[in-house]
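In what follows, structures are represented as structure tokens.
Each of the next two complexes has subunit A plus one more chain, namely subunit B in the first and subunit C in the second.
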Partner chain A sequence: MKRPGPKHYLLAPGVLLVSCVFLAPFLLLVVLSFWTQPEGTLLVEPSLTVENYLRIFSDPYYLRGLARTIWLSFATVFFSLLLGFPAAYWIVRRAVRLRRIVMALMLLPMVCGALLPTLGLVNILSPLGIINGSLKQLGLIDRSIPLLGTQTGILIGLIQAFLPLMVLPLVAVMERLPLALEEAAMSLGARPPQVWWRVVMPLAAPGIVAGSVLVFCAALTSFVTPQILGQGKIATFAAMTWQQASLVLDWPFASALAMVMLLIMAALACMVLGFRRLNWVRP
Partner chain B sequence: MSAYLSIRNVAKTYGRSIALNRIEMDVCRGEFLALLGPSGSGKTTLLRILSGLLDADHGEITLEGRNISRTPAWERDIGLVFQNYALFPHMDVRTNVGFGLEMRRIRGSEAARRIDEALDTVSMLEFGSRMPSELSGGQQQRIAIARAIAIKPRLLLLDEPLSNLDAVLRQSVRVELRELHDRTGLTTIMVTHDQVEALTLSDRVALMECGEVLQIGSPEDLYQRPASAFAASFLGSPPANLLPVTPVGVPGEFKIGEMPWKPAGSVAEILARLTHPANIALRPETLSLSENHLPGSIPGKLKAVEYMGGERLAHVEIFDEGGPIVLVRTAAEIPEPGTKVFVVPTVITGLYDTENGFEVCRLD
Partner chain C sequence: MKTCWKTACSVASIGLVLGGASFAQDYAGETLVVGTWGGDIERLLREHAAGPLEEATGAKVEFLLGGSGDRMAKLYAEKSNPTMDVTFQNIYEAPQALSDGLVVAPDESSEIYGDLWEGMNDGCYAMSLVGLGIAYNRDLVSEPVEWADMWNPDYKGMIAMAPYPSSEGDGLLGVAARLEGTDEHDPDVAFAKVAELGAPALNYTSLDEVFALMDAGEVAMAPMISGYVLAALKEWDNIGFSFPTDPGPVLVRDMVCQVANSPNPELAKMFIKLALSPATQEAYAEELLFGPTNSKAELSEEAAADTVNTPEEVASLLQLDWPYVISQRADWTDRWNREVLGQ
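Showing the complex of A and B:
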């Protein structure tokens, strides 16, 4: 262990930058969410009211938007886990030489940003796109299945975009699991599914939780993917916030919407911290 | 005779390197067999093939008359104790020990009884509710053994069982392991690179090197009659001295390297059979030192003496400066290093071909 010494100043540039461009606006956001904007004006009035929050939780439009966004995020987590767990296991246990290549390929869409892969998906999912085209060619369908502008389309996009966030923590955890544990389970009579269920899954739990939280938060706040694949027909919470901030120009209300998302994530973070205590290594 | 476990023609290669080369072995019911060899000798590979965690390229393994070569590990009923124990860290001791029973759908009071029985066998009954991280290395090993015997295995495999224990614990666990074997009667195969473990624990030792079983027999057999130069130079601490001996054509006269030597007594009788050059094995504890020339002795100079507590180990450079070093282990007084001495051989442990290292003739 290195002693924390006078090296703290190494943090200073980073702290300074984060304070200016993140912390200050963030505090402004908190304050602003309690302010009001009288109808018909663009001026904000300093006050201390929960009016904006009440409006969110009384208007079915926003409540439905919130429910839809949470539902989509959960579904994204579920499918990422379903696809990511076997993938991570394969990467750790089987992909000996391919491993680096696979990891790099997986990270590639992430470093490309959200826009490029999503535009690619438009071509795949559109009525004249690859999926519908092939299904028609094979004679399996007569009419195009609507994928663009549906929740299914958005879900596919979200899973595609955030799967690496699930796989990376899983790989990190599984790498540290000795193969001997799985072999011991097999020698005691466990078939491969039982080895997964009783040994690998419980021991990979920290990675499952970390990955799920990452994917959930990313899906909850994602903006570009649902906007493009939803074709503007499906409003997610992030889109609603953007509408209020950039189109309606009601900044106090937009701040309150953003705060709701932040609070959901904060609640999730608290739950995860609670889960750490359930970890298998007793102190 | 039909063996309890028989291994026929089992081979395994990794790419171009041969891990196991046509292994043939029979194990009796209730026997304790040690697979002894240096690292890379294939002993662990053989253990993994027996457990079903690794597939052999070809060959056949029969256990209780049933061919299990293609049986998956989870259907073999073979208990395996790993070198680092591999206890499930997220389960308490009882759940660990009961894991094999859980997989066999044995539940409730029957499971509880068998867990108790297994824990009792390793004297760990009161540790049932502990987590593995709360146990010492020795205790973890007992639990690993309990977990393996709880399934009433048809075969118990131990992978380097003592290597992760400290020297003091090692000795007591060695005795306990043997007692456990005698009490349970489980046919046991242990992999080890430690000759003391192999010699003290097992009924028979299979000495392995380069993917082959060089010799298999009782510990006494292996030690006193090593069948190859490798066996002679692997077993014993320190192992046997190997000296190149050539008959010169005159009866009773030989050369060690280039120097003349005239053996005497029983040594001379055995060497009389020698027609070609051979390596002779002389165990350090069968040699003695003399300050005067005796019949059959080899002249040399004392290079160094190591005190080993009770005994001393003398390094003797025989004949001239730069000659081969012969180790002599003796409880007798030894002169100062630098003194001229004579090494007196009394017993020959083996005669080995200089080319292939195998015995020239069997000594009895």
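Showing the complex of A and C:
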């Protein structure tokens, strides 16, 4: 077995940093999720219990919140794929001159953070926003249609925020697909939909899986977008965790909620690794 | 000119408030960390407490701005090694912080304690008094506005509420229970009554947000805390604020706390003394319409009319059993999410 040489020590600063700022708080979170907060105090009692986890999985309120969050995440993945796949294909095959500009625009929501685009959406969707304002001006409605504080509003925000996470892996994969493959399929009589369905899609599968996992995880743990667009009326799992941690100050329970979210993502990662091992997603 | 004069008075009175200049420059190099809300509150504290303290002691005062929930979280996270010396909390937080040993109990033998109105110092020193009343659209709601009007079917779905947990939410539960002939110790009745209002039209997190929708007629009424609201309402012609009578407004207090085992306890005590001094309390009342807790504060007629500022007024306000309400916080948050927000 090869012993680590001096060049491996170059990893030390990075490993140390990650250990201090990520692993240590993470382990604390794991331990905290098994502690309790006795009645009448906000202090934490370090006695091991699974009470917090039992509460999550026995209380319909938290199960509903979990189901709602998973549903919103899947819906975000579905619509991101629906919008992102043609966009990625167009960027790779058609946007020759505009490619850099389009990619920059695509990256913009990620670079400027979640807050700015979400607040922009508030101006569009709010009762005094562009949509309701226009409908009122046209005399079509008297009172505003609720767009904020609805699952539809949150979904629009999530798709807008995480579409780049779908498009970028797709572009990376499609770039490596030789155009000759599509031309060969066409020359053998395949029609464009068949070329898409039987050639491009299977070959782009690794990008689809990577993009879907990224979008799903981002949507599942997203806090700012659902909180602002949900207006505190739609509770996602991240919002429930925040409420318990920051407002109720029940950190053990908030830690358990966070761990459940993490376990879902870990399960998803295991599934993807399993698919890879079965060679389902390799080109 | 008025501001300059006021500042001069503040600086002149600092010697009296702090008990002379015997410790001038004694604290040079020290930094007092004060957690409070940003905006006007920070400005007034900087002007009337931090500035004079820095001048008299040579110490530096650093403000940590944010919501009181963030400060509570910080208090608990740093319980064995606090970095804040003074923190401003809501009435629904201060008694809990004291019972968990995170703040120092108000010193009953101190001079400033004697100046504050009796019965106000729960957990920490009472900093200001405000009442939970009703902000309303004048075109939609006929005056005088009472709590029962919020349950008028005409306004169903047009009531804005603050997110829970909050003083506003607890106050509304207390009011709802009393409308049903009971009090906050009967949460089933209180929650059932609040749930009758339906999901709120808006969970407001800022005054501008709720006033814009109220002005547009999207929101008819909102239980809100006087003070800031009354000060802000001067810019909105068609929005009014009612101190209801049946039951009365709910008494809400901001508290100032000395953090237990903080790095600078002596400076913390001096800062608190300045914050509770008549000069700061008068500025709070005149500029923010926050009622003073210091009985020696003297207000203009205008400020006196819009603030809770006499023992009689305090007595007319509805006082919740805060220790009980605080003990129910986790359970009531769950109930609010389910029964009021319908999540």
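Rule of thumb we're sticking to: the second predicted complex is superposed on the first by the 257 of 283 C-alpha atoms of A that agree within 3 Å, B and C clash if a C-alpha of one lies under 4 Å from a C-alpha of the other, contacts with A are read in each partner's own complex, and residues count from 1 in each chain.
One rule holds in what follows: a residue touches a chain if its C-beta (ideal position, glycine included) is under 8 Å from a C-beta of that chain, and two chains touch if they have at least 3 such contacts.
Small disclaimer: the values here were computed from a predicted structure and weren't measured.
Residue contacts after overlaying the shared chain place A:A235 against subunit C, while subunit B stays out of touching range. Legend: residue contacts after superposition of the two complexes on their common chain; A:G113 is shown touching neither subunit B nor subunit C. In the superposition on chain A, A:T41 makes contact with subunit C only, while subunit B stays out of contact range. Once the two complexes are overlaid on the shared chain, A:R143 sits against subunit C while remaining clear of subunit B. More residues of subunit A are touched by C (comparison of subunit B with subunit C).
By the touch criterion defined above, A:P86 reaches neither subunit B nor subunit C. Within the superposed three-chain model, A:Q243 lies in touch with subunit C and out of touch with subunit B [touch as defined at top].
Once the two complexes are laid over each other on the shared chain, residue contacts for A:P25 go to neither subunit B nor subunit C. The residues of subunit A lying in touch with subunit B in their complex are 178, 180-181, 183-191, 194, 198-199, 202-203, 280-282.
Residues 39-43, 61, 64-65, 127-128, 143-144, 149, 231-235, 243, 245-251 of subunit A touch subunit C in their complex. Within the complex formed with subunit A, the subunit C residues making contact are 69-70, 72-73, 76, 79, 96, 99-100, 163, 165, 199-200, 202-203, 205, 212-213, 216-218, 327, 329-330, 333-334, 337-338, 341, 343. Within the complex, the subunit B residues that touch subunit A are 51-53, 72-80, 82, 84, 86-90, 99-100, 102-104, 131, 133-134, 147-148, 151.
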